[in-house]
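Below are two complexes that have chain A in common, paired first with chain B and then with chain C.
Here is the complex of A and B:
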């Protein structure tokens, strides 16, 4: 399979490239759950060491890990522009991201400034390398709303990284930053809204209609939502600098309205889907969109008054749900696809997607996830025994997710698939 | 004048529609309806693959000056689809709804990622490369017999 006329139709990249990211990610979710047991997480204080560590285990260790693995796949299929050296790139990104995330979480949790040295160096290397390689590939990509969103998300990832490095350096005592709290807010906003939300939206434009057989997203939505959202994000700090409060509030309200429009449009399209069979990924998306609606209605005023509730709705309810649901499709499909090409057996005779990941196992893990989400939300109420139950839920759900994903890999190997 | 993109994308959607109807009927274990719907889906799919392989791809390759490259990858995926369709037919004959569900899910993913590549890249490219021969080629595709 070779390139022709500037087109490269290879089903890039090799299985091992995304696989490492997908198999490692749920372990970080488990570690985040463990941290919720510690006394430091007791009152969901945003600035407590355990919460800062847990949040970064989820955002970098789980979300970024999966999203970057999937991004490499998307570049090939949706953008028609696979990265030039996927094995090399994955090698340069995976190790530093894993070790950097562990060091950063350790640095936060133990309040150990020395751990910030390896953390910042490794994360800078991993994320900058990834962002540069992705940006280079996107220059040769097809032009569509998804590709635009992917490019915007990469830009947001770079902004989040730059702010994160400055904040980390401040925390380690190498830098003095005025406006520290405002910059933390900006870092979180660019990471969660710019990188996570924009990438999910761009991917949704493709995958929601394709795999549930729904009508397409309205053209006006896909054309304007992400560009306007990015303008809003860029305006946010200047609007908030203004003397009176309203420009900042207006921009924040606009961003929340964008989240709302996207979530409601997605729920509506899914309601009108032509595919009528029960599907755990669809259910994951619906939970995710419901939580996104909740987060949009709660914020921006909720960011100050209920930061824990907003964080749980957005991170665990929206982002972790959607990413888990997508993992349940992407990994079995890739396992099937690569197994077929490795063995050259007739396509209908090797294990199919549901043999790789039986629906009933995915369904059980989904039930634990939803129960955990409820417990997490309850645990934000003062008092009550909910926190330990919620922490146990996060751990159990992550363990089941890990077992399900590693099961795909085991069957792939047992059937004669190669890891290289 | 109709483009390859319009003509063949519409056919993709028609196949999607038939896929969903067959999957729903088999999911209900309604084998009388399921068998008919599956046969309609399979016939539409096979005809679509034939239209591309017997008309569009040869013209595309002739204009590009060589075979291989994009059309060869597309043909490999067509072969995988035919094999999955064959196994699905077996599961319909055996009234095995569980096997059908797994094969159908796999076929849907294969088909959809394949269609994206065609609709984003191959069809627009064909519309440019073969602009002068478009109506004649679409006429020949329309005349491809049902399987």
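Here is the complex of A and C:
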């Protein structure tokens, strides 16, 4: 059971279920940074093998990895509908997702069609298993705006996967698609807007007021934003097929307006928070929302004219920032909570949550992340040495994030916590 | 009965309210209850108190906050 507006940890999965996803994800971000050093990434060409590989390392290896781990936690504590066998499901998803993402990135980067065989098979197995299990659990879930967004995000993930499989099969030479570029756009739109944005919005309804001590999101926003956004997403391909351009432009503008409304509402709520203490997660979210505002103002026309700028703003500026910020909040919280539950320790005998991840270390990593974001944006300008500095920044930021998250786990273990 | 220990955890980020309550439970004297004020309903705390076999009672206040009264033994609250 779960009451509106709260979290219920009675059915929370074992710590290791989300943990393995959270600890692995930053490694993929590091690999994406390495790819940015290669000559193939020089001009930020959307179709260059290195960029395609880096983008999928970020979207599947970092974002989906964290979001899927968090989703298993959310199903239990927000939706009141845990998956039946969380350890088994996590095992079935984690391995294929990890290996599938590496194979796909390798396939893109080396332009090796044979690597698409394992990539597509493994990713289909991981994502379809996850989506089916999550959808089955959500059928028995509590009804609230976050749960609706979670269901919508799972639908979007399934659409993204189906399109991705068709596109991958085309790339591997098993299939011929006449409208390949349009389907790539659709794949990216459903993945970034449907899966990433919708899930972030739904989760924000819970975690922003709870962890950042802001007022609640307006009821009208939580009730209508995601449903209307999904209607827009579903309409987009048909609107773009119309004889004149305006229906497609209108729907795209509507989607951008939804992003803008969410980002501005979040920034406003954060401005009205109850306690004005420094918090790195809050700062990560502010950067994320500012970049979402930028992406919304730039697109949809920006998608054609400045695809690299739009991609960096949305992927690294918005999605990576928000997910990193959440990792800094969720992982120490779960470590503290599970340690408290396992050991039934008297107060004062286990570390408090803040000592699992000292703010100063998180803040140093945040500074590197923000500097890297600036360098990435600069690197879209022609010429200049910015790309190498940006690539080094992505790698350094990912390494620091990895070290910080693994530090939480080490302390958990040192205190006698069992993650299994 | 001795005076309740009051923990005002309103507008503290999680898990500080729980950390403070647990600390108060350790510090309290015999027969003393812990009186928690908090801005959200603390479900994880209920779970933890139940696991420790503690009696508790909660109610919503007029301003939307919650008051949780925690005793140590059955019949205390």
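Worth pointing out:
Here is the rule we go by: the second predicted complex is superposed on the first by the 408 of 420 C-alpha atoms of A that agree within 3 Å, B and C clash if a C-alpha of one lies under 4 Å from a C-alpha of the other, contacts with A are read in each partner's own complex, and residues count from 1 in each chain.
To be clear about the criterion, a contact is a pair of C-beta atoms (placed from the backbone, for glycine too) under 8 Å apart; a residue touches a chain by one contact, two chains touch by 3 or more.
Everything quoted here is computed from the prediction, not taken from an experiment.
When the two complexes are overlaid on their common chain A, residue A:250 makes contact with neither chain B nor chain C.
Shared-chain residue A:276: touches chain B; no touch with chain C.
By the touch criterion defined above, A:211 reaches both chain B and chain C. Taking chain A as the reference chain, the count of touched residues is higher for B when chain B and chain C are set side by side. In the superposition on chain A, no contact is made by A:136 with either chain B or chain C. Applying the stated contact rule after C-alpha superposition, one finds that A:355 touches chain B and leaves chain C untouched.
After overlaying the two complexes on the shared chain, residue contacts for A:144 are found with chain B alone; chain C is out of touch. In the superposition on chain A, A:80 contacts chain B only, with no contact to chain C.
Judged by the document's definition of touching, chain A residues 2-3, 5, 7, 9-10, 210-211, 213, 274-275, 333, 336-337, 340, 346-348, 352-353 lie at the interface with chain B and also at the interface with chain C. Those residues of chain B whose C-beta lies close enough to touch chain A in the complex are 16-17, 19-20, 23-24, 27, 64, 66, 68-70, 72-74, 76, 79-81, 83-84, 86-88, 90, 98-99, 101-103, 105-106, 108-110, 112-113, 115-117, 120-121, 125.
Contacts from chain A toward chain B in the complex involve residues 1-5, 7, 9-11, 77-78, 80, 142, 144, 206, 210-211, 213, 274-277, 329, 333, 336-337, 340, 346-349, 352-355, 359.
Listed in rising order, the residues of chain C touching chain A in the complex are 11-16, 18-19, 22-23, 25-26, 39-44, 47-48, 51-52. Across the complex, chain A meets chain C through its residues 2-3, 5-10, 210-213, 274-275, 279, 333, 336-337, 340-341, 344, 346-348, 352-353.
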